[in-house]
């Protein structure tokens, strides 16, 4: 950390790593919210079996796809210019 | 999140002010990314309920757009009211 | 960081910054919970338009005001002596 | 959160013990601030449902107070039971 | 930090402390989820009094016990080999 | 969480790569512990509703096991679909 002199200073480096960390946290949170939302929307709550049936599987695929689109749509509205992923 | 919410930084030595300011920036970034995630989750949950196709239909799209716009307007309004109450509380403190 | 000698040591500084960070996180979380709770209580879920109507706006204002009071009330009960904000 | 939940610090060198202890303190502060936020949100959600006025009425205030007291008593009871189970699990480990 | 040479280096130490921190966060989160879940399952929402009654108290005890068992059961399924606590 | 989600580390100097890699590992650990907590909460909430005894009955136990297995399979499937969409988005970017 103290060795190289032409690299960004400590505070700048903190900012870079901090940004990367926030970005990763965001992706993880997006994945988690998507997972829980689609579980709630698609998976039968009575748990009669431990396998996902065909209906649940295709619901999950479509749910992920639609969630992704909503993420993009909201990203455009927020006009951030940055891709939501 | 409004930066003014976070108190007065003027009393700190400069190097600590810089660090504190970085910390606040990072919290604001985290906060806005979280807000984005929460907004997507809420509008998806309220607007998308059928999974017969893998693309949003027109109605769902309109619903999501309105939901997001309403949420942003709501959030700004709450921010203003919240700032007023904070202001009032700070004034009482003095 | 290693330069000045009569300032608090590294660990003490960590504590000070850690406290400030927790305090900010708390305020952000309070704001977020308030925002989501009042959205759920006041905003019509059918999203027939993208504007907040008059009823929604006044509900939001009162909701923020009451939430604030609840924050203070609970703060008094917890008897912390510290203001909830 | 009970400090005993977090394992034995005695085996660490002193400087690391200090750091670990600071970390635990910070987690406890964060935890109690979060608990406060969650308590407010829960009691507000359960007790306040009308927005015709901008101040709490007597009934809402009573409800919030009881809710908060109940939650705190509940939380303490859960803490005791949780500690017993942790104790049991730790004993089995040895 | 820079003084002793036969201790783990800075990065290794970060990893050790990071792990300990994650572990503690996990326990706190487990406790919080348990608390909120059992409050929702056991405590009367009308708040007619500020004391927990006998029925609520015994419900809470059993709820904590069952939650604990579910934590262990899921831990076995995940086959992590590590105890869930 | 899939490590590939987190972008390309090859462009960083080695010491920063190490640090970034540590950070990613820590986020993965936190993420899997959180996932565990969330899974327990969800399956408990869905499967356990009576508190006349302090141990799980056979039916509750079966329900929890199925719930957990379903959730894990669900989570893996979502992970695959999510990775495909990420891939697609990354390809478009280039």
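When the chains are written out, they are named A, B, C, D, E and F in that same order, and each has its own residue count from 1.
Convention: a residue touches a chain if its C-beta (ideal position, glycine included) is under 8 Å from a C-beta of that chain, and two chains touch if they have at least 3 such contacts.
All values derive from a computational prediction rather than experimental measurement.
Common neighbours of chain D and chain E: there are none. When the contact pairs of D-E are matched by residue number across B-C, E-F or A-B, over half of them reappear in B-C. Centre-to-centre separation of chain C and chain D, using mean CA positions: 18 Å.
If you average the CA atoms of chain B and of chain D, the two centres end up 25 Å from each other. Centroids built from CA atoms put chain E at 29 Å from chain B. Along chain D, residues 19, 34, 38, 47, 65, 69 each make contact with two or more other chains. Among all residues of chain E, those that touch two or more other chains are 25, 42, 61, 65. The assembly's chains link up in one ring whose order, counted from chain C toward chain D, is C, D, E, F, A, B. Partner chain F is touched in their complex by these residues of chain A: 7, 13, 17, 20-21, 24-25, 27-28, 31-32, 34-36, 38-39, 42-43, 45, 47-52, 56-57, 60-61, 64-65, 68, 83, 85.
Residue ranges on chain F touching chain E, taken from their complex, read 18-19, 22, 25-26, 29-30, 33-34, 36-41, 43-45, 47-49, 51-56, 60-61, 64-65, 68-69, 72.
Chain D meets chain E in the complex at residues 1, 5-6, 13, 16, 19-20, 23-24, 27, 31, 34-35, 38, 42, 46-47, 63, 65-67, 69-71, 73-75, 77-79, 81-82, 85-86, 89, 93.
Considering their complex, residues 11, 14-15, 18-19, 22-23, 25-26, 29-30, 33, 37, 41-42, 58-59, 61-63, 65-67, 69-71, 73-75, 77-78, 84 of chain E touch chain F.
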